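Shared between the two complexes below is chain A, which has chain B as its partner in the first and chain C in the second.
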Partner chain A sequence: MSTRAVATVRLVQQHSIVVLIALLVALAGLIEAIRPGAVNANWVSNILEFAAPLGILAAGQTLVVIMGGIDLSVANVATAAAYIMASQAPFGVTRSIVAGLFVGVLVGLINGVGVAVFKVQPLIMTLAMGLVVTGSLNVYSQASVRTVPGVPAVIHTLGSGTVLGYVPVSLFLWALLAAVLIVGLRGTGFGRLLYALGDNLEATRLAGVRGWQVLLTNYAACGLLSAVAGLVLAGTVNAADLSLATVLLLPSVAAVVIGGTSIFGGSGSYSGTIVGALILTVLNSVLTLLDVPDAVKQVLYGAIIVVLAAAYTRVLGRE
Partner chain B sequence: MAAVPNEIPDANARALLVASGLAKHFGPVVALRSADLRVRPGEIHALMGANGAGKSTLVKILTGALTADAGTITFGGRTRTFRSTSEARKAGLICVYQDPSLLPDLTVLQNLKLTATPISNFRRYLVELGMARFDLQSMPRELARPTLSLLDLARALAIEPQLLLLDEITASLPADLTVRVFNVARQLRAEGRSVIFISHRLAEVSALCDRATVLRDGKTVGVVEPAQGGEERIVKLMLGPVADEVAAEAASPSAPATGAVAVEVRDLKAGTLDGVTFTLRFGEVLGVAALEGQGQEELFNCLAGVRRPESGQIVVGGNPRSFHHPGDAIRAGMVLIPADRVQALLRQRSVRENVALPLVNRISRWGPINPRREKRRVETAVKRLQIDTRVTSEVRRLSGGNQQKVGIARWLAGGFKTLLCFDPTRGIDIGTKRQIYGLVKELAANGSAVLLFTSELPEIQLACNRVIVLFGGKLVDEMPASEADEKALLRAAHGLPSEAEEPQSQEGA
Partner chain C sequence: MAATAAEALRPTGIQFGRGIRRFGWTIAVYVLFGVLMVVTVIIKPDYGSFEWNTLTLAALPLAFAAAAQTMVVLSGGIDLSVGPLMALANVLALRAMVGHDLRYSLGVALIVLFEVTLAGALNGVIIVVTRVPDIVITLATSFIWAGLALLVLAKPTPGIPLDFQNLAQGSTLSPWLPDALLLLVVFPLVWIPLRRSRAGLAIYAVGSDRNAAFRSGVNLGLTRVVAYAVGGFFAACGGLALSMTTGVGSPLAGTYYTLSGVSAIVLGGVSLAGGRGGMLGPIAAAYILSLIPAILIYLGIDPNYGQMIQGVLIVIVVMVGGIGTMLRRP
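And then the complex of A and B:
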């Protein structure tokens, strides 16, 4: 390889986010090519609105994956949080939101106890908890045979309102969370420990860290973020049914991986995940524009995620 | 061919392997600048160099595990570029590494079949290595490390290589097994085949090797005949301009210290460790001498809170302690430097994050990090250990010696009272070794207590004030460093009484 090529590869490796942003722009260009004039302020506003719940859901996933774990219950938790929030709406907005978030933290804590204390593989633990959550939610919905729960106005505004005509309200919440996460991962002891645990559990123990404390806290944080994502999503679609966020499970992991976080833990960032979530949302928009049947859309969506993940490993030469 | 200083007159003799001008860099890091190596048929050739000099990279290029950026390799008269280790193996060039390579969960026989190793040859070499009765159905997971190294060697020999590379294979071997490896190497030489031998132990090199090529900073800096008093020259070449400085640091053994008691160990039992009692004082480096597996590992692990003792007491600062977690020991000021660097380091993370890890090891430290304060502490520690790298580089890109220094720097930044060093210089070059011993002495002189186990007995005197000797899990001897020469330690470590008590000692026993 020539020196120049080597330098280019190195530049790409160090600034992978630039490549991701370029990909994002290319996808937008594709849409503009298919239907000239489609990419406008309104489109951007829509994309951001739909990316926000996914971005927040993938935020929790990012925290867990950096730590060397995975949480496959995020979508179930988001759905449950939204449903319970909606069902509690008649008792007041505050109570309904707190109830929804509580569900997230509770499930996260159980995940954390399973992984940290009982040493269950994160994949099994969270997958199983996802089933438990969904089953329980079904029982709950049958037991409380009220009318289909409605979404409080505050949540509806949070999920689909705009400021100045174009800026989604959910973007403010997402930006706030993003700032906390990006700064927190880099500049706090807790953030450091997530990377450290993901890199080498034994080394972290030898340095005096009690890993279970970090694991437990982090799964709880992931549960909380999942619940927040569920509430925002319920506001966006203005309804909360029993399969609200189910479709977002794969994208929540894909956004993390496309964003450059190692699935084996120890490296990555939330800024990457943000771009990953945007790419996936725009990709969805492209497929919708192509006007293909839903089944074909699913096939393409899955295939493109695989190609992106493979290309990523190839280009960046990650081990 | 590149001109090599100190080339021997018959340099034009037919060479089996000629490597010239090999270069390799990983991103911004230059691992090899310009390495030359010439190995004759029927020669045992040493490859020497400090950590980071480029030995490992050169070996990997020769065996096809890496491709060079520049330079040529001629093997058996033909210019070759091996694209994989199996290509090199087919050509008759194979390497045995320090770390065992058999898959732990397949039987030895299955391992051999996996690599298409001729079984009868393998058996024959096992006999020569003194393992005639070895059962091929054994699981590598259950075998001792030295046994695994010999199995690796026999597997390499079984393909009848023209050139065998031994990359620090003796680092984890006890003396009697090292002798067997030497005999096999000499036998290959007698058959006209060649061996490239890598070891940090100069004595081994001068006992075994015909010539030695010395690398420094990725360049070949000389070819020496170690047998003819070349040892000094090798050290000088390896270290370059810093040689004199290092020599000055290796001062005479220190006198026993008389500080306050730091740690008292009372009748400690754990696994092999069978009732050990001693005291460690502030201001001293207490050496622990022992052969492989005499309970020293359990001792260090108990003291560091990594495992719990079955009985006995650890008294720190006058109070009996029971450590449930390394964090408890660290709070009591006792920190461990393990032999295996990989165990202690975050390889994907930066030097800074590795060194600063103890600064965030409690819930009360989960909050915002003060970057200026952290930077200051990390930089002080990095400077003190002379880690020659940027603090932002990933630890896995560092040489072995620098990695070990990062592991030590962590505790200089984190703070401690008692340093537990378990074989901290395993597989580290002589320059770095002496730096580490110098640091350990300095720490003790400044009031810390240090417990130091090293598998290299001659080095006890370099660093320690006092030595305890473990044998069969018991403390069998204790002596001031001034009496602890290699011979005395070897006798004690084998459970023999000291010469003073047994006047009619057999010479060379």
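And then the complex of A and C:
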């Protein structure tokens, strides 16, 4: 390889987000090519609105993955939070939102206790908690069948309202969370601890870090973010059923992986995940535009994630 | 004299301890199953061959799902596409079998086994070639297999030939020895030769320490592909078992089995870090996981609690396992 090529590869490695954004633009270009005029302000507004719940869900996932874990209960938590919020709505909006968020924190804390204190593999702990959450939600839905789940107006506005005609309300929330996460990960001790734990757990222990506290806090934060994502999603579709966010589990992991966060922990960023979430949403829009049947869509979706992940690992030499 | 006697005794003592450590978990799982069976009979005094039959039918696909996951996890990977692979086998079988006799159906079954084994191998090939972590690839391919299953069959459709269903639903020898139980013979037929072969040893080696295995001259890529292929084979068996036990081809039938398969192997004592565990534990675990919902129904508890209790059980099992490892560590 010539010096120039090496330099190019290094440049791409250091600024992988540029490549991702280029990919995003290319996908938008593809849509424009398929149907001229399709890419307009309205389209961008729609994409942002649909990307927001996924982006927030993937935010929690990013935190956990950077720390070397994984949370496969995010979708179940989001669904449960949304459903409980909706079913509590008759008792007051504040109470219903607090109840929904509480579910997220509670499940996150249990995940954290399992992983941090009892040293259960994160995959198993969160998978099992996902089962527990869905099972409990089924029981809850049977018990509370009399209260018809309805999404409060505030949540509906949060999920699908727009400002100035085009700017989705959920974008403000997403941008706020993104700012907190990006600054928090780079600039605070807690953020740096997450990278350190993900990179080398043993070294942080020897350095005197109380790892279990960081893990516990982080899983709780992931649970909270999942619950927020669930509420936003319920607002977007203006309904909360028992399988609301189930379809977002794979995308939440895929957005993190495409965004360049190592699945083994220790490196990555939330800005990458944001672009990952946008890419996945635009991809979905391309497939919908092409009028592909759902089954084919699933196959293509899976295949594209394989190709993207492979390209990423190969080109950027990440393991 | 006393010293020599002690020396003579020592080896057996060590071996006994080792045996307990090695098979302790598996034995505990079988004891747990036995205890649960006793509890079931106490709760439901008229527990008969019919109920036992129902249990074996429910547990058969799950046992295969657990076996598929075991193969992959032993090699140090994880396969989140086991359920969709089963669904794929299930719908392929239905599409080709409808309206045919037993001989034709068996031929179809062989072809389906071959196709889905290939699909499993493809999982492995993609992982080895791209070097992307197993969990990402199999999560993505789970979408591909599920999509293909939907393409083959859009919605649940009955029509598996009755003769083929009877391979699992009948009880030729005795009402207490249903054919669904006899079908478990597939496990020793595949597992024992594999465990004793070079490939089986390589799978354990790669799973427990990839570097050491590589330096000992094990072909890492090939071994992992073999593990995924055998996993695919067991998933195919699971899909065919679904066809036999339900008589229906359903593109969504598999979703339940990815998670439950992982639960079964955790309960069955297979280490998710790879290289540790066997086939006996997960199979018993599959029966335990299928028995719990039945017990709940006999107790008159809402079956909706089943999923919750299953999850809680897994959490407790892995937490107890976690405490065990912590205590063993000095």
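The rule we apply is simple: the second predicted complex is superposed on the first by the 317 of 319 C-alpha atoms of A that agree within 3 Å, B and C clash if a C-alpha of one lies under 4 Å from a C-alpha of the other, contacts with A are read in each partner's own complex, and residues count from 1 in each chain.
Going forward, a residue touches a chain if its C-beta (ideal position, glycine included) is under 8 Å from a C-beta of that chain, and two chains touch if they have at least 3 such contacts.
It should be emphasised that the depicted structure is a prediction, and the values quoted were computed from it without experimental measurement.
Put simply, more of the residues of chain A are touched by C, taking chain B and chain C as the two choices.
In the superposition on chain A, contact of A:G55 is made with neither chain B nor chain C. In the superposed model, A:I124 makes contact with chain C only, not with chain B. In the superposition on chain A, contact of A:G112 is made with neither chain B nor chain C. In the superposed model, A:A196 makes contact with chain B only, not with chain C.
By the document's definition of touching, of the two partners only chain C reaches A:V306; chain B does not. In the superposed model, A:G266 lies in contact with chain B only, and not with chain C. Per the touch definition, chain A reaches chain B in the complex via residues 10, 187-190, 192-193, 195-196, 199-200, 202-210, 213, 262, 266-267. Touching chain A in their complex are the following residues of chain B: 27-28, 304, 306, 325-327, 329-331, 336, 338, 343-349, 353, 356-363, 365-369, 371, 410, 414.
Residues of chain A that touch chain C in their complex: 70, 114, 118-121, 123-125, 127-136, 138-139, 142, 250, 253-254, 257, 263-264, 293-303, 305-306, 309-310, 313-314, 319. Contact residues on chain C toward chain A in their complex (touch as defined above): 78, 126, 129-133, 135-137, 139-144, 146-148, 150-151, 154, 259, 262-263, 266, 272-273, 302, 304-312, 314-315, 318-319, 321-323, 325-326.
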